[in-house]
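Okay, here's the structure, questions in a sec.
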């Protein structure tokens, strides 16, 4: 990713607003941007979603194909999560192999979904050691304005819930959902000077000291975390972020579930 | 060619109910992405295509710079989930060829000599593929270039004709593409009457070719109108502020 | 490919000559350069040819090996066409992965051969879903002076006709030809200002506005086409090119067949 | 999770005999390589890690140069023979992620603004992996940076806590990592009280998280002492020339 | 590898010393540097060694896994030798794909081991055409101060002797050594002006005209050779090097065997 | 080694009828390509090799430039159809090694210090391989360098000796290479008496090595004469214009 320089005066404005619990776009520090989404938009995918979080816009497609299990997990399906940050989505993105940012996003989204136990991998086994369902979850960023972690996780979870696959026991019958029930979600915090805020925009990410993404399951338990950027957090930041994430994921989950 | 499936029925209609010279439904929207300098979204049958344009901007890598004009770089890509099987990310030979001919088609109409030493970068993402993605991609791309405010001689509509059950048909569909007899993608510039993209594979006699080419050119004129409409609706005052209502 | 600049004065000369139906090398606009070829020159290949078209010189080797069919065509052999434009052949060619020019040439040559039905792919099936003949057609350009499309197609078709493979039904017996009969060929046109000419040299290609390659089967029907370069053709150009291509491929085909 | 294997026995001890809050044996040595500007070797349980630092030096490739500060580039790599199966040489997604978060952690403490336009290149080679390689790697890397004489706010000790058999445990071992319930790698800067690396996967309640984080922080303080000792012993006059004996 | 410039004055010193049969570090021309090694140091490897030769330090790990034999050698195991010259080991080494230097080292080490017949490849066959032992010999250079050929060969041979694999006939029993007996070793010479010396340091390699590596089996017969660098040898250099290599490998072999 | 196949018969002749010290037929032609600055074609047994030289010319990529001399870059490549199995295009480890030692051999004789900051680029394409391709390639390459008018101390002939059925033989053939006992490729510069390429694999005693090396050197002298002849015939006035006849 090419560096983008944020003017000093803009930084100061954001610092000042933060001390007043507000931001450039009028949100409070712990408030998400407007969330819109639809599912089932890609006919060639088993499941799909298009989601926008403020100016960040993402399409996720789920393809489910029959494949061979890993030798060390012969009776489990496979989840492969990919993310590409293509030059289409932001002038700072470059073509070619996935950047380390793209890899980090894919791995953090994957970890949240995988560790939550959302997908019953054993039920994706068709014939042990030979045939399992392989789930390819591909994240395509159309427009980047910060907080890809949360947007991609929400879009991914929506697309997985939207997915339908062949019923192995009744191949002529109706397609069936994946063996999933829960809705793991993440909340991403950034620390700018001494303020902690959620759902950062591109500009906020660029001037932030540290970033923390927390993945929560339906119970509000922690399933994955990832600190990023070259600044630091303190102990209290981390603890407080847990509580905030718990609260916010309950809210986000309700919004996603109400409109599947 | 599969002999058992009939692509045209006794009433002269095609498997999706279209007449031989009928286009699939096409929807074009300009200005759909915030960051790109220009963008467009095209739905064409079940094809779903998004195009984004950045530029004129600095050339990367630098040695590609041309001191006389802007270079046009196109990246055509099928999203991993856009086809019947999952598509491995990264370039492949087919995408490389389509990117090349799409760039060549756009270079015909963009006034590249107004922007020496720069690059006009066009990204075409096929979100869902349903035969005819290169035509849909080029159609979207030229709207996106216009949306970016880059001066062009004209928009570039593109459409394929082909052959199915020994009959020349317009806008080849997925099944027709798979088991039909020919595919002839064309891009035509109405203002100059020029053909800027022309490919074929399959089997056409000289007469069939002439008929197919004419059919594709006529369709391009219709698509051109849809492109203009999309741009007009994007920049009409009613849409911008709503204050005229 | 690195750009090569053609001096203005040379361009003007070519333009002027074209209006008089002639060219730098004395040819008329619709005349091919001298064509020479030999086949069976590479002992390690199943089939091979060396062909020169004016200053353009090409070697094509055909290797035929047993492989697995594609899942969607379980009873058909496989044709793989490759082309490399190596730095050996021209100072403008660069090393590394195949350039987009090389990929385009390989794909257009492949398309002409494949779409013509020249090779009976079903006869290349040895055991459905398991074993088929894979034909690797590799185009090696030794010296580049324009019109690789036509030269490579001719050399490819010659090498395929020259190829001999094991007789599956009689492995001890003599090797047998591939299941092929026809001779698909291409004619490549360039438009320079308002003139249309065939078989362009390197210089003519560089100053041309548009290029059109037409692949014709033995009946003079069209099997593939490819327009190239960043200029345009008009309707009449395309129609007239069809007729010319038909005529010229009949002539070229006769020359290739007389000397196999 | 495998229900049959017990990770904590009736005496509250773990499979390798450790108490829940007990570290594996750790050995740190500074200055182990001749050519590198700084280096360190860490043995941590069966983890064997070597870290080398070159710099501040010229940035390669140049376009990465930052006119305000040194950039920190980390390459974390598992040797081909360091795991259960042979590891194919070359970068992979896991290594890319670990390199990134390790660089971010080190940038917190290195006074990068003293060396604008340069690069500090850190190479971490996992010779034998036994769970916790990223913590061992960062622990070694920060000693190597110090050994290179590059000014830092403090050393960066790193350690993971986790959960096994529903109990919070320190410094997760290989079997605990494979079949345990959570892994929480932490890097903590004692002088500033800052957390500069924090990851988690598995399942922790809020209370377990708090307990685990505290446990890891305390362990970081102990590891910090070992890091200091390694540097002291490297630069003590007794070791250097032996003339003081 | 980036070029490193050695000052003229240093070159002259080395030339002068060489005429007096000595070197910067006090060695005679045909004397190796101090050799230290240990084996069995990597628990995850089947065999391993850490070896230093003066300032050159190397770790070699041997992993032995079950794999498929090559079609043309269906009843033989497989040896794969890899070498990486990573930026850790020397400021002149660059990241990315293995350099041509690294490839040359891996191939010369491999050749010496393979051609000596050290490993009985037939005994590594478990089930012909299906299952054989694959030996991965990976050379990791930790610190580079010249003569990687000899250091890597010694470390490789030590690690192979150290390796233990599952006993196919008694999978529950103790692990068994690889089917090896001998100790192929190399001696590397450089020619600096008219002097020939063994076991060159980094500096000596950089100013050398030519390099010659000779691989000898237990009998002192030649099994592999490799001349390198852009200068030349004369006939007498080659012949004399044979005799010296024979003598020195007998000595080195004894030292390695005494401490396995 | 396959014990059943005899490589030398009772009359002391080899499988292809040659005597132990007999070369396969060699044909060398200079100046076979139009675009290259110099070129050569070599048939050697069934080996068919073409070499092309461009330069001295600008160095690509630039950072490889040497301010004191020309660099020599060699690309040895086996064509896809040149071997028993089809060869996947692109570099492999064997080709990388051969390119390296071929470049080193050529650098011995090219007066590189006359062309600082430039590159001499040598391309060797193996069209058909029949054992001994590196020797045939180097033999062709040095003729191509001379054909390019680049000043050299001497041409570089190259030839392998080896061992088959316990006997030292010259110019190892394909079967001898596959099941024989040793292969010793040599390149020898007649004017200086220098050995500029020397490799071996197999099994040779000291005496066999001496014999094989001598045999290869003598053969190089013969090949040198063929190289000179090829260049003479290329530049003889009879060939150029025919006006002397």
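For clarity, chains are labelled A, B, C, D, E and F in written order, and residue numbers in each chain start from 1.
Just so it is clear, contacts are C-beta pairs under 8 Å (C-beta built on N, C-alpha and C of every residue); 3 or more make two chains touch, one makes a residue touch a chain.
Worth saying up front: this structure is predicted, and the values here are computed from it rather than measured.
Enquirer: According to the touch definition, list the chains common to the neighbour sets of chain B and chain D.
Expert: A
Enquirer: What rotation angle superposes the Cα atoms of chain C onto chain E, in degrees to the nearest 5?
Expert: Chain C sits rotated relative to chain E by 120 degrees.
Enquirer: Counting only C-alpha atoms to place each centre, which chain is farthest from chain A?
Expert: F
Enquirer: Among the chain pairs A-B, A-D or D-E, which one reproduces the interface of B-C, with more than half of its contact pairs identical by residue number?
Expert: So the equivalent interface, with over half the same contact pairs, is A-D.
Enquirer: So which chain is farthest from chain B, going by the mean of the CA atoms in each chain?
Expert: E
Enquirer: Taking each chain's centre as the mean position of its Cα atoms, how many Å separate chain E from chain F?
Expert: 27
Enquirer: Where the centres are mean C-alpha positions, what is the separation of chain B from chain E, in Å?
Expert: Whole-Å distance between the two chain centres: 58.
Enquirer: With chain centres defined as C-alpha means, what is the inter-centre distance between chain A and chain E in Å?
Expert: 49
Enquirer: With chain centres taken as the means of their Cα atoms, state the distance from chain C to chain F in Å.
Expert: Measuring from centre to centre gives 32 Å for this pair.
Enquirer: Multi-chain contacts only, two chains or more: what residues does chain F have there?
Expert: Residues of chain F touching two or more partner chains: there are none.
Enquirer: Starting from chain A and heading to chain D first, what is the chain order around the ring?
Expert: Order round the ring from chain A, first step to chain D: A, D, E, F, C, B.
Enquirer: Which residues of chain D touch chain A in their complex?
Expert: 66, 72, 93-94, 96-97, 99-101, 103-104, 107-108, 184, 189, 192-206, 209-210, 213, 217
Enquirer: For a test of understanding, state which residues of chain C touch chain F in their complex under the given definition.
Expert: My answer: residues 41-45, 48, 55, 57, 59, 61-63, 65, 82, 84, 86-91, 94-95, 97-98, 136, 138, 140, 142-145.
Enquirer: Show which residues of chain A lie in contact with chain D when the two form their complex.
Expert: Residues 3, 100, 103-104, 106-107, 111, 114-115, 212, 217, 220-235, 237-239, 242-243, 246 of chain A touch chain D in their complex.
Enquirer: Quick check on the complex: what are the chain D residues that touch chain E?
Expert: Listed in rising order, the residues of chain D that touch chain E are 33-36, 46, 48, 50, 52, 54, 57, 60, 75, 77, 79-86, 89-90, 121, 123, 125, 127-130.
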